[in-house]
Every structure is written in C-alpha cells, then in structure tokens.
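In order of appearance the chains are A, B, C, D and E, and numbering begins at 1 in each one.
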Amino acid sequence: MKIGTVTGVVWSTRKASCLMGQTFLVVQTMEGQIVAADQVGAGTGDKVLLVTGTVASRFCMEAPVDAAVVAILDQEEK
Amino acid sequence: MKIGTVTGVVWSTRKASCLMGQTFLVVQTMEGQIVAADQVGAGTGDKVLLVTGTVASRFCMEAPVDAAVVAILDQEEK
Amino acid sequence: MKIGTVTGVVWSTRKASCLMGQTFLVVQTMEGQIVAADQVGAGTGDKVLLVTGTVASRFCMEAPVDAAVVAILDQEEK
Amino acid sequence: MKIGTVTGVVWSTRKASCLMGQTFLVVQTMEGQIVAADQVGAGTGDKVLLVTGTVASRFCMEAPVDAAVVAILDQEEK
Amino acid sequence: MKIGTVTGVVWSTRKASCLMGQTFLVVQTMEGQIVAADQVGAGTGDKVLLVTGTVASRFCMEAPVDAAVVAILDQEEK
C-alpha cells in the first residue's frame, strides 16, 4: 500500500457504465499522482492509505478500478 | 487510475486475433506514453482517465489489454 | 520480492471493514516506502522480505492488501 | 500497452518446462528492455505493441509469461 | 520478462508457512535488485530470465511469490 494526501476530485460525464456511482479522488503520493476510488469518505487534505492493482477492485468492492482509498490515517509512528 | 491526454491512434494489420475490433489510443501521462483500448469514444486532445493492469480487461470488456480509457474528464477540482 | 527494513506502523480508525485486524508496517526499500500487512510478527528495525501485488493477498491470507511482509531475513549471502 | 522495437531473441536450454515452445523476443521500449513472448511472428527491427502483466498470459495463450508481443504496428498517427 | 544475473541467496528462519521449501535468489536487473523463487536450479553468476507479478506463482508452481527465475540463458542474440 502507499501513503498519500487527497488533493481533489475528478469529474466525468462520459465514462464507462461500470464506473457509475464511484467517487474518484486525486491523491498525491511520493511517487506521483494517482486517481483512486473512495471507499471511506475521504476528503481534500486527508492523509490516506491507497491500495493499487487488481486487489483494489476485488476485495472491498466490485468496480473496474486499479486504485482505492481504503483508510484515513490517524498517525504514522516511526 | 491515471490522468492523461490522447495524442493519437495506433494501427496494426498483423495482430493477435483476440485484439480484433479494438481501437488503441496513444495517451500521454505524467509518467510516460501508454497505449490503451478505447471504451468511451475518446479522440485526440481529450483529457481522459486510464485504468491499467488486469482490471483494464476484466470488468468493462473481455479483451487482452492492459490499459483502457474508461472516462473523458470534465474537469479536475484541486 | 523486495528486501526492506521496517521503520514503523500505520494506524487508522476509519478504514474499509475488510481491513480490520491487519497490522500495517511501514517498510523502506531501495525503491521507496511501502506499507505492508504483517504476516510474521515483524517489528521496527527488522530486515524483511516483501511480496507485492495480487499475490500478497491471495496465498497467505485473504485480505484486501497489495503488499505483505512474508519473512524476516536471517542474512543475505552475496 | 507499450510500443517498442524488437532488438533480438533470447535462447535458453535450461528453462521451466511450462515455457517450452515459446519464442522470447528482446524488445526495447522507452522505459527499458523487456523480454516478451511472440504471438505474431515479429522479427528484429519490427515496431510492436507489448502487453504486460497477467493479461499477457491469460487471453491469447496459456503460458507462464508476463509480457507478450501482440501486434506489429503499421504506423502511429499523432 | 526481465534479464538479470544471480548475485546470491536470501535466508530466513521466520517466514510465512506457505513459503517453506522455496529457494530465494537475489537477482540484479537493469532496474534494480529483485528476490525471486528459483525454478531451474540457478546459481550465483548465472544470467537468468525472470517472470514477475501474479504470473510467477500461477503457472509453474503454487507458491506465494511475485517473482521467479524461470530460465538460465544460453546467449542473447542482438
């Protein structure tokens, strides 16, 4: 998983029908920008945990996405 | 998912039979160039949302592709 | 698989329900930071082996994760 | 998918039995060198379309490969 | 697939039970270091072919790995 910060939302009128009902967040990670389906009600400024790849779609929801925000972080102990 | 801009189309006469009937768009993202199957009727200059990996083929269509244009973006709020 | 060193733990109260009961370790690899589910009881400072991608969730546990710590290294012979 | 140019062939006598009968092409892409199973009879110098990841093995052939040459390009319109 | 050279072996006493019986080779590729399960009896110094991702585990063996050495190269024609 990756750690990132939500920076905005992506809007689309013309999209594949299988994507209807998904909210897509723009998330900035250390490696770059990722657009991810929201599973936890995250908003701009939230520090979040991202799951990427096939797993993003298979376990928590059945949608044609390759990235999902699966948690809002409380804190990171280092 | 990634955000990119459609820059052209790829043509091929000799291709695997399982690829027949697909339109392949050249899309420029921040990380580089990707060739993606079109699912929404996108054209050159459109800002689009790309799904990559196994998910690109499994949910919206049954084709041997690893990248698909699944939405044309209206705007991106930041 | 990748070799990395555990540098901390990630905490989250608001997360997808399918992630409950998982411990997420922050692991530093040569390519960057990865958050991975712990399968072996690793702690900060441990040198570990990471599995990434779909495989991380499919074989050893059924959880919506894309990275897992699957071994603590004894030594690396070179 | 990625666009690349075939630069050679890889030979191996000692290989996993599940790989028998595959031709492996060395393909140079903008991101680096990839070895890919040939599905279309491509040769050195051909500009080709590469599928990578699980999809490379699942749709067009049942072989343990993570990259496949699936088309020879006619031209690329930009 | 990637081409790499075996540089050593990784040892671990504490590992996920599903990894027992696997030999893990450290392989240096042009993109960096990968730890891969050995399927062909490769040793230090051998030039090998690596399969990465889900495919590494699904076709040739049923183990929780994301990279496998599947061939020892004879030569590479360019």
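Convention: a contact is a pair of C-beta atoms (placed from the backbone, for glycine too) under 8 Å apart; a residue touches a chain by one contact, two chains touch by 3 or more.
All values reported here derive from a predicted model rather than from experimental measurement.
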Graph separation of subunit B and subunit C (steps between touching chains): 2
Contact-graph distance - origin subunit A, target subunit C: 1
Interface residue identity across copies subunit D, subunit E - same or different by half: different
Averaged-CA centre spacing for the pair subunit B and subunit A, given as whole angstrom: 20
Centroid spacing, where centroids are CA-atom means, of subunit A and subunit D in whole angstrom: 32
For subunit A, residues that touch 2 or more chains besides their own: 53-54, 56
Graph class of chain-chain contacts, one of line, ring, star, complete, other: ring
Starting from subunit A, with subunit B taken as the next chain, the full ring order: A, B, D, E, C
Contact footprint of subunit C on subunit E as seen in their complex: 7-16, 18-19, 24, 26, 32-36, 53-54, 56-57, 63-67
For the subunit C and subunit E complex, residues of the former touching the latter: 1-3, 30-31, 39-41, 49, 51-56, 58-60, 68, 70-78
